[in-house]
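Every chain is named by a letter (A, B, C, D and E) in the order it is written, and numbering of its residues begins at 1.
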Amino acid sequence: AETIRLGAILPLTGPGAVVGTQEMRGIQFAFDAVNAKGGVQGNKIDVVFEDNQAKPDVSVLSFNKLVDLQKVPMIFTGYSGPSLAMAPLATRKKILLINAGAQSDKLRNASPYLVNTLPSTGDEVAVMSKYLIQQGKKTAAVLFENDAAGIGGRDDFLDLFPKAGGTVLAQEAVQFGQTDYRPALLKLSAAKPDVLYVVITAGMVPLVQQLKQMNAGFLVAGTTFMADPAAIADPASNGIIHTQVQIDAPPDLSTAFKAKYGDDMDFFARQYYNAAQIMVTVIDKLLTEKKPITGENLHDTLFAIRSFQGLIPMEFKSNTATVPIGINKMENGKDVTLLKVTAE
Amino acid sequence: MLLQLTGVAAGYGSKIVISDISLAIHPGQIVALLGHNGAGKTTTLRGIMGLLPLRAGSIAFDGKALERIGVADRVAMGLRLLPEGRGIFPDLTVAENVEVVAARNVGPDATFGVADVYKLFPVLDERRATRAGSMSGGQQQMLAMSLAILGTPRCLLLDEPSIGLAPNLVERMFQQVHQVCRSHGMAAVLVEQNVAAALAIADRVVIMNNGQIVFDGSPDEARASNVWHYF
Amino acid sequence: MVWLQLLVNGLVTGAALGVVAISFALIYATTKIFHVAHAGVYTLAGYLAWSLASRGMPDLVSLLVAILCCTVVGALIQHQLYARLERRRATHLVVLIASLGALAVIQNVIAATYSSNILQFPVPWGSRVETFGSVRLTWTQILTVVLSVAAYAGTMWFAHRTILGKQIRAVASNPFLAEITRLRPQRIYVIVVAIGSAIVALPGVLVPLDLGLQPYGGVTPLLTATIAMIAGGVGSITGAFVLAVGIAVLQNLSLLVIPGEWSIGVTFFIFVIFMLFRPTGLFAKAR
Amino acid sequence: MAGPDPAIPSRTLPRDEGSPVTAPYLQAQGVEVAFGGLRALRDCSFTVDKGKITCLVGPNGAGKTTIFNVITGFLRPNDGHVSFQGRSLDGLRPQAIVAAGIARSFQNLRLFVDLSALDNVMVALPSQAGEEPVGALFRPLHVARAQRAQRERAREALAHVGLADKAGEYVRNLSYGEQKLLTIARLLATGAELLLLDEPASGLSAGALDGIMALLRRLQQEGKTLLVVEHNTRVVQQIADDVLFLHQGHLMAQGTPETIIADPALAEIYFGGAL
Amino acid sequence: MDFLYSYIILAEVYVLLGLSTNLLVGIAGIFSVSQAAVFGVGAYLVAHFLMTETLGFIPALVVAAAACIALNIVVTLPSLRVSGDYFVVTSFGIQLLATAVFTNWTNATGGANGLPGIPPPDLFGLPLESTGQLVILCSVAMAIGGLAFWLLMRAPFGRLLRAIREDELAVAAAGKNVLRAKVSAAALAGAFAGSAGGFYATFLSFVDPSSFDLDASILLLTMVVVGGARTLAGSILGPFLLLALPQVLTLVEIPTSIAAAMRQLIYGVLLILFMLFRPQGLAGEKL
């Protein structure tokens, strides 16, 4: 038995670290469990983490380092900029990249070797747009974060909401990491929309509190990012709806995670846990077939297996997994699922 | 003996600029320290103030060795320096300049206080509210002199106080120094290029050449001697 | 009436930013050090207060302890880092880089201790809303304005009326002369950085009370405050405060005419133009 | 032997190479400078003759340095004009005024303390090869050769003031008197024909002082014109052809050193009582 | 091998940037924090030309450098009126505006998502695909840059800039055209930064705004100071060292959950210690 070495390039410091750290824990937690049970067919799995501070040039350096020096056949990534920067290298060197965090539409076709285990923002927006129109919310304003994730979501909404029959009245950006949303909210509410669509990845508690302070009359809708446990727990979040990429953690798993890291196992931790499980399945099959663990083999085997039962059933019809998306509503400190849809 | 230098050497980096300087100054005495440009006069004063480490020798003030005493404490003991060129706080007003220095250096029974400054240099009185740095070169030098003498230190080290001053003021200022020395027993080391003015009030003349003392005597002896070729 | 609420919000944000600016101005004008680690002290204040408050300490006590700790940390940075560098005759650029190092240390100690998640103060009264006509303000916002203006007034009084304040300005103006007139510049520097750190602890707690805590969240306010200080004229406390309020108001109101993604860029570009007409800052005294 | 009557307007005279006598060499007319409420120069008019050493004297704060600042373009006067060889200097920037042939030294030295003494002088040498990036990049050999010649010239200027052996020293490591001498060397390097010196003698020891006075004389013989601010009466008496006496921003008198010193009213202001 | 090569290429790109920063900030004393913005313009322009196939690599590089020269002159113009600290304000504003443009002018820059798929550089039609070839190309570029810097510094131009850093008025009094010298320095810095951008874009084959933000400008300053401001060797050593440091730090064994923060912390500590014990930088002039 030997050690199988994999890589992960995530933002572990800087403003992106909030998400990156959770992602790292998800991976670590999954492989620790596997290794504790003796590894995959007796082979331990070791993951080398690289901090890219969410920067593309650092990512490329880290990519080359992992591939050349550590000889890893696959790398977990997150964030669209770094993933997009590494995609051509992955194609050229046949290294499997697994993204379980970023949702930019551009990631869909960036490289055959880049696999996304969660739907893109566009899928979420499409589901929400349809739902909003069904609920009679015909006019909307968009609050988005001025970075890849936010702008991507805004663009999708500007495209899909009108297609579903609605009108976008106004849009406003906020800087990433800046939690004073008041100016933007004031301006947006002046447009008197039926619904405020929010594409923001961090700082939910200040957002819901500031919304409450305004005493605004519109519905607030968002994406998976909305589901920050602290925001859900805050009474100010009552009535907010959002799409939720489905990924559930069984209670005992969550408890064990919390016991180990002191934090709840949030969406990103689950996503990367799940992605790690997928890798375990793929590696297991390769080992059984006695094939060498190369990027190419991992890639081919992943698509050969196609369907995975991890934390959520997941199917790879293309590079991007098809997963059910839920519509949730925050109520009295709970996040209640109203319905589940599978986006096409 | 107020200030005693014994075999002092000092310099910058690896360069020794003054060496074997021995000098004794009594209370109330005015010593003119003369010498050509670059002779080491400023370096000597810096050594006394503790702004430069000594390479050899020792300095005693009031019988106490100064080796381990920092600049601020030397000032507290009664040493004070009028530095070359940058003797004021340019961004403060004239009044604030005086006030700030007085607060730390004029004791309750000190003689040369805030009021005396404005008496000595009436033009400063007129310019109390002026930003010191915007005054003319000479006016700034008057202020610098005032700051140095505030609170009557026991030993005043003057590094070219007359620079930039018009003749009338040079004379007035030297007389003032002379008078304070006489009346309060203040000692002064006067580094000057205006030799005539310096000799007029000095009790003793010390002449330096290339970092060493080449003459030490009374003004009259100095006038009669042949040391002047050193300049 | 959106503009009115925007204006008031700008004033609130600006007041807090103004306090950051005057604290930095005090330090910069005296020591000439581009003390970017100040952003770390600012952040530290919030986290310290949060730790205490979430352990059940009374809010006021948490604030005061945070201020006290920041004072000590500031003094230590000056005494242990900057003073040493000065003795080694480091240039300002070098001190700036060392300060960046200190900032990295503080931020990452915080990140390692508290994680990088945004933390919220357990202070329910803070989000209570008061209505003044069409303007709605939270208690936190009101408190921020009141304490910030008080901090500004106090600093003004301190710098121009107290002898220590004048001594500080004297040291800033000519450190060498200060040394030989017993003003003890090194001691003054420590005092100044300590005072500046104490002052910055105030917005350091108040702002996160409203907007949440982030380990790397101090940099943007500090940069903005620095710009305000310089544009206001280095050495002018009023200039720093007024310009900080100006930036915040401008950023808020600019939203009425330009989209938010451009507002920061445009706001600061307006400052570029402004600097061209007032090259030494708004409140600078004639040289 | 008073100077020409400053009341005669000559600013409008065209520059005439054939008859240089018609236009005064340097002329200031009705110059007014105010700093806030303080009138530093009031209706100040005078001329400086070509080839002479003119000394500008007066009590502290009289406005001497301010006149230098006006002539060399560092200060815009509130009113009045300055012309040089019949050509108006109004509104010209300092470097243009140096190009026209007037250079100055500063009372507070303003040396480049982190450069060597030699480099301080070399900065001031006019029109050097390689002062523009294009030349520096594409004609490196030519620049290197030219530099060798320039370095010689700079060493010469240093030698003139007796600083030859301090050429390589950083300026912050020079004594005050040495720095003062260096300002003169830097001034010489500009090659200007009208030199304005602000208190060149203060802080110099007797030997250096004699050297400087001899140097000033020699410069005069070489055809330079000098305008010197000086408080040292001995220096004024020895070198001045012409003296301008300034008091509270007024030009009180212009004449030979003897007449000025003999004037009891001026002596009272300068040597006597209160300000 | 690729790792070593890509490290060398990246470091060499940063050397060009370091030279640019050194010239402007270290030598001429124009404290600019907008160097990354100019770098970005160069990168986006070359990317644009190559992706639209309007120009080959070398012509694209020339055009980009020319554009950056023009841009940097415009950007630096305020420093001719605004001196010292005050220029920080204007360059900060310009940096923020540039970031806003990079992020929001989606048609030209790909916006926040960046531009993927930039073709590799070519020499007169011959594409340089392999990293090995790129190393040679970038090394040649670095050598040319270094030589240019060296020639400039030993010519009177270099001396003029040093003098300007110390006392602009005295330079003017010596009859020199301060304006022209500063504009020249800005132009040269623009050329260096712009061409660095071209190499960067083609090497990474991807550009996005995060490489050209304020942090990048500050990293550049750090590289120059750590290497040793004002020296050629410093601008070369600094980037090589600072790019290697994080890679070396990953070799330190730390519990993973706080590893990254700890590494940043160690980075901060190293920066401080380095400045304390070698304030003149690796290859700096003796202080």
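In this text, a residue touches a chain if its C-beta (ideal position, glycine included) is under 8 Å from a C-beta of that chain, and two chains touch if they have at least 3 such contacts.
Being a predicted model, the structure only gives us computed values, none of them experimental.
J.: When you check each chain against chain B and chain D, which touch both of them?
T.: none
J.: What is the chain whose Cα centre is as far as it gets from that of chain B?
T.: A
J.: Farthest chain from chain D, comparing Cα centres?
T.: In terms of C-alpha centroids, the chain at the greatest distance from chain D is A.
J.: Based only on mean CA positions, could you tell me how far chain B sits from chain C in angstrom?
T.: 43
J.: Which whole number of Å gives the spacing of the CA centres of chain A and chain C?
T.: 36
J.: Could you state the distance in Å from the CA-based centre of chain A to that of chain B?
T.: Roughly 74 Å separates the two chain centres.
J.: Let me have the rounded angstrom distance from the C-alpha centre of chain B over to the C-alpha centre of chain E, please.
T.: So the centre of chain B lies 51 Å away from the centre of chain E.
J.: Which chain E residues touch at least two other chains?
T.: 103-104, 261, 264
J.: Two or more other chains in contact with one residue: find those residues in chain C.
T.: Answer for chain C, listing residues that touch two or more other chains: 108, 111, 116, 261, 264.
J.: Which residues belonging to chain A are in contact with no fewer than two other chains?
T.: Each of 13, 17, 21, 146 in chain A touches at least two other chains.
J.: Which chain pairs here would you call touching?
T.: Result of the pairwise touch check is A-C, A-E, B-C, B-D, C-E, D-E.
J.: Using the touch rule from the top, collect the residues of chain C that touch chain B in their complex.
T.: Residues 163, 166-167, 169-170, 172-174, 176-184, 235, 285-287 of chain C touch chain B in their complex.
J.: Which residues of chain E touch chain D in their complex?
T.: On the chain E side, the touching residues are 148, 151-152, 154-160, 162-163, 166-167, 169-178, 180-181, 184, 187-188.
J.: In the complex, go through chain A and note every residue touching chain E.
T.: Counting only chain A, the residues touching chain E are 12-13, 17, 20-21, 24-25, 28, 49-51, 54-58, 60-61, 64-65, 67-69, 80-81, 84-85, 87-88, 104, 106, 110, 146-148, 150-152, 261.
J.: Tell me, which parts of chain B touch chain D in their complex?
T.: Against chain D, chain B makes touches at 12, 35-39, 42, 84-85, 122-123, 134-139, 141-142, 160, 162-171, 193-195, 228, 231.
J.: Under the stated contact criterion, what part of chain E meets chain A in this complex?
T.: 1-7, 10, 103-104, 106, 111-114, 116-117, 200, 204-208, 210-211, 243, 246-247, 250, 256-257, 259-261, 263-264
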